[in-house]
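Here come two complexes built around chain A, the first alongside chain B, the second alongside chain C.
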Partner chain A sequence: MNTTHSLRKTGTILSFLLPSFIGFLIFVFSPMIGAIALSFTNYSGGPNFRFIGLKNYMVAFTDQNFLSYLLVTFEFMTITVIFQIGLGLGFALLLSRNFKGCSTYRGILYLPNILSSVAVGLAFMFIFEPSSGFMNQLLASLGLPTSKWLASSKSSLSVIITIAIWQNFGYYMVLFIGGLQNISRTQYEAAEMDGAGKIKQFFHVTLPGLSPILFYGLTIAIIRGFQVFDYIYIMTGGQQGGGPAGSTNVLAFDIYLNAFTFFRFGYASAESVILMIIILAVTFLQSHGQKKWVNYDIV
Partner chain B sequence: MKKRTYLLVTVLALLCSGVLFAAGGAESAASKKDEGPVVISYYTWDDGSHKALIDTFNATHSHIQVNAQILPAADYETKLTTLLSGRADIDAFMEKRQSDMFGQYANGYLEPLDSYIKATGKPNEAVEAFKSSSVINGDIVVIPWRGGAYYTYYNKNVFKKAGVPTPDYYVERGEWTWEKFEEVSKAITAADSKLVGSTIYIWGGQGFFQAGQAGDSIVTPDGKIDSIENVVKQLEMRKRLEDVGAMWSLIDMKVTKLHYSKQFYDGNVGMLLIGEWFPGQMVVGAKDGLLAFDFEDWGITRLPCDQEEYVTVGLPTGNCITSYSKKKDAAFEFINWMSGPAGAAVAASYGVLPAAPGEAARAEIAKNLPKGNSIDYFLEPKRNNTANFSPYGTRVETEFATIQEDFLLGNMTVDQFRTKFTKTLNDIIKTTY
Partner chain C sequence: MYILLTIAAFITLFPLIIVLSSSFKNESELFNFPFRFIPEKVITTNFLRLMDRFPRYIWNSVKLTTTIVIVQLFTAATGAYVFTKLRWKGRDFIFGLYLASMMIPMQAVMIPQFLIIRNINLYDTHLSLVLLGAFTAFGTFLIKQYFMSIPDTYCEAARIDGAKEWTIFTTLMLPMSKAVLVTQVIFSFRFFWNDFFTPLIYITTPSLKTLPLGMTDFVREQYVYWGPQMAAALISIVPVLIIFLFGQKYFVQGVASSGLKG
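And now, the complex of A and B:
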């Protein structure tokens, strides 16, 4: 009787999970296995291709372009993660308490996150247009020096990073507000009774209490940072090869170029496998490192 | 009750999964029921002249109907490759980036057309006119319908404002060289800083005019690097012109997505160096009220050229048949018609230069060009070199575009450009496998 009941329960659970699992198998897992398989071939979009072993990987690791795009990707990821998490946490601390208008402020800061990144990219492309864009017009009217923004290899990546931070920090703010509101007030009362000031309370109550959410936020931010593509494609020339002198070419964009402009699907697959391994490695290191600073016991 | 719930949920879940596969079959099942004319599936991009050609063919051929599948021009090559890889229902398609034919041929997607042309009893005039860019490994793989040639399009009002003779003045005197082009561009901007002397668009291939005219291949089909000195020469000229504002900044155009047609329509650019399809865009621009000047206030003349005998550059646009099509004869009849006199007349009515313009086409083209000597230069017989038509072409042009930007931004010297570009060409050759 208990076995039958248990089987029925398992069957019900599985049948609810089945559609998503099938979707995952078809649209995520199978293409991933396909890409790994293709990375060992010279596939160019047709039936005439052959197995070439590790050649694509060897070419990638000896290609100056590949290494420089990897560097740009790391640069983008590092700066956006620091500021998205930092700003998200800062505003979460300010807006986690209930006061008049707090919901409005939270809504305004979260709003960019629900906009399409393509639409945001297009809008800012016009704002930062070097000759007649709003930003340069505003700066000129204030007597301030203007910039080439996206038309300069020195500033184009910074512009894209700024826009990415602006659009996404609201998401982490909302995440952290939820985490902060889950920290029991008694923890703060106990700390206050022990003579801890605001700063000590932050480091010894808030951060440990928020650590699980912080860990999750960091993981997501890092993965997203590595995967950036849409801003680069929309704001810096798309099929025409990316930002000025390749200054904004991240790895995902190079994968796109190799796959869909040069039809080097085998090589592009190898690049994407390398990117996947890097992301997995970073995530694994984080996961391993969480034992040292993530505290799941605080309620 | 619980058993019923369990069964219901399982059935629903399976149904949801089944829908994913069922939808794909419905369309093909429906199409099998069609009787009557042979319906061929033809892929092209969004251009008014293409639609007119298809509509005219359908109206005049009761036994074949072309089912046009339009893809946006910006993503055409990517989508076409994806469709070919998936063996989508394509009987014929228009080739937008000619160097892609090498990969398509290697993958067995292109039907050799030699036997079809032979069956007509005579050589195809368009193929004969552009033989070197219609043949791969001895097989004719494409039938050109639109001729490939670049010209100098100029705005007469701009030259009048600047007090500079129009380019055809120099062409008539045999003086229309690249040095003169540079001189004229600078003179226009010097006369009025609001005027831009000239514009050459952002595509990588636009950096190879002088190389193409000189007969350079950049990378030969068998993987050897040709001279890059003419590429360097043109790039240095571009930098000089951009530095004084006499040529529209390539990077600004790219970042703002400013199209060459808009630049010319706005009436502040003296000269635009672009291909044979541009009169069609001028016709559309005039119809849509986008021109800041009258239709008669522009002209066409030769590309600047340093060679003794005039030569232009540009690849023809043509149509291919897929090797897996089950309607190859019907597909061939359509693409053959498009390259013939009837198709040429329709193309010409949209200001497009046919690959083999007959008399009817010439008369139509004349209606869509400004009066004067433009028609003479547009239709004169001329040599046409096809630089970068090789398996390496697409990568050479895209990689060149990136390095070119670095040079134009002042981040490298000419020697550094030579070194980097040569290294890049070597890398492209080594990594094309």
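And now, the complex of A and C:
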């Protein structure tokens, strides 16, 4: 009686757990282990492959191209993070108070975030068309110099960075508005009683109160910055993309090319493990930095 | 302040206005400057030129997105239930693994995923996309947060009345959680309707392509037809836009609760 009862209980638990757990095990957990294992091989899809130790990693870190992809990725990540978090915070501060029309403005600024990166990419390719696109005609009509935009290695990354900022800062704005609205009014009232001005209130009440969400947003922005792919593929020419002259070749794009165009699965896995280590390091720093910098008492 | 906000709102919306307007413009009028919102001559040729392939792409996207949204809702809700309302050994550990998996970049799992799918002969099938989309750590987390706010006493009372766990789940928990279920549906709809990367890797047969993947046909062609390209972009934007207009608060809730774990 007791065993059938506990068997039935186990059965019930499994019936709820397995729908998500099977997917997790087969398509998330094992692939992660598999990627690490593959990164030590020269697997290229065929039956003949072997263990080659750290060779893929050594090849990557001595390859001038790989280092330049890493540099482009860092550049993209740094600039998008600064602007997305900065604009997100700025507009969150403006829009966290309730006034007439605030939710309309919030909605509009958040809107680009829900659109497909393909549609956004196609739209901006039109706007930044290198000869007679809207942006060039606008600049020309103002007497400013025009640019080749995506067709020039000097400006291509800047164009993609601009689009990434345009599409994503609204997400951080909404995130921060939520955080700001969680700071209780009494904190501000207390600060006001102590004679703190607006600026002092910002540094002593707003920033500490927002710090957990600010840290979270920063981490998410950094992680997403490292993984940028869609815009590069769409706007710089699909599988021939990453140019002009490698100026927009980011790590995620090179992983894609090596894996699915050249079938260098082993080497691409090593690159993806490097990306994973970078991201886990950022997460680790965040959770440690958080203990040091983030104030939880105030919320 | 209103001036600043209005300028920002205008800059944000302007690219979308260009897409909308250009979809109905003649190729000869597209690059006219100054930009006119209402075309001199409103045409629908751009849309008609998409008629050969795009109805198929749209249908594929509708079919796949609907399927994945339903599958995700099922796996996320059952997962949320087992992690909140049932007690068992290893529960927190497994949930910890789910949470940690949110930090794993997709690039780090995609190669073995691809090899698995290829080995079970599902490469270039819609089923591969459904399987890969079935598990959602974020969705499980989102619904779990909500289930935690529902007092256990409801479930206990039902159990004393002899109700089975699946009965409690379907007749008690799910109806009480409509708000979060809608949020989950909206988030996964938006993600898979827009998803470009997974179909790019797994789908090669033209008749199986989804809308975002089909739209990149343009990037590979030698001559760019801007009008049809803008029309295609418009088609892909409209469904998400409609959902956004009616369910803005669910988007906000989803973003806000993603920050809860921070």
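Heads up, the rule we're going with is that the second predicted complex is superposed on the first by the 280 of 299 C-alpha atoms of A that agree within 3 Å, B and C clash if a C-alpha of one lies under 4 Å from a C-alpha of the other, contacts with A are read in each partner's own complex, and residues count from 1 in each chain.
Basically, a contact is a pair of C-beta atoms (placed from the backbone, for glycine too) under 8 Å apart; a residue touches a chain by one contact, two chains touch by 3 or more.
For clarity, every value in this text was computed on a predicted model and none was experimentally measured.
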Touching A:Ile279, do we find chain B (first), chain C (second), both, or neither?
second
Would you mind checking which one, chain B or chain C, touches more residues on chain A?
C
Quick check on the superposed pair: does A:Ala252 touch chain B, chain C, both, or neither? Answer first, second, both or neither.
second
In the superposed arrangement, which partner chain does A:Asn98 touch: chain B (first), chain C (second), both, or neither?
neither
Answer with first, second, both or neither: which of chain B and chain C does A:Ser44 touch in the superposed model?
first
Thinking of the overlay built on chain A, is A:Ile127 touched by chain B (first), by chain C (second), by both, or by neither?
second
Using the touch definition from the top, say if A:Gly242 reaches chain B (first), chain C (second), both or neither.
first
Between chain B (first) and chain C (second), which does A:Pro19 come into contact with in this model arrangement: first, second, both, or neither?
both
Could you look at A:Phe263 and tell me whether it touches chain B, chain C, both or neither (first, second, both, neither)?
first
For A:Thr3, select first, second, both or neither according to whether it touches chain B, chain C, the two together, or no partner.
neither
Using the superposition on chain A as set up above, list the residues of chain A that contact both chain B and chain C.
12, 15-16, 19, 26, 129, 235, 237-238, 260
Once bound in the complex, which stretches of chain A touch chain C?
12-13, 15-17, 19-21, 23-24, 26-32, 34-35, 38, 91, 94-95, 101, 103, 105-112, 114-120, 122-124, 126-127, 129, 132-134, 137-138, 141, 166, 170-171, 174-175, 178-179, 212-213, 215-217, 219, 223, 226-227, 229-230, 233-235, 237-238, 252, 255-256, 259-260, 265, 268-269, 272-273, 275-276, 279-280, 283
Help me check something: in the complex, which residues belonging to chain A touch chain B?
8, 11-12, 15-16, 18-19, 22, 26, 42, 44-49, 52, 55, 59, 63, 125, 129-131, 149-153, 235-242, 244-246, 249, 257, 260-263, 267
Residues of chain B touching chain A in their complex?
2-3, 5-6, 9-10, 13-14, 16-17, 20, 74-75, 77-78, 81-82, 84-85, 100, 103-104, 106-109, 202-204, 249, 251-252, 254-257, 394-395, 398, 401-403, 405-406, 409, 411, 427, 431, 433
Please output the residues of chain C touching chain A within their complex, sorted ascending.
1-2, 4-5, 8-9, 11-13, 15-16, 18-19, 22, 30-31, 33-35, 74-76, 78-79, 81-82, 86, 88, 94, 97-98, 101, 103-116, 131-132, 134-137, 140, 164-166, 169, 190, 193-194, 196-197, 200-201, 212, 215-216, 218-220, 226, 229-230, 232-234, 236-237, 240-241, 244, 248, 251-252, 255-256, 258-259, 261-262
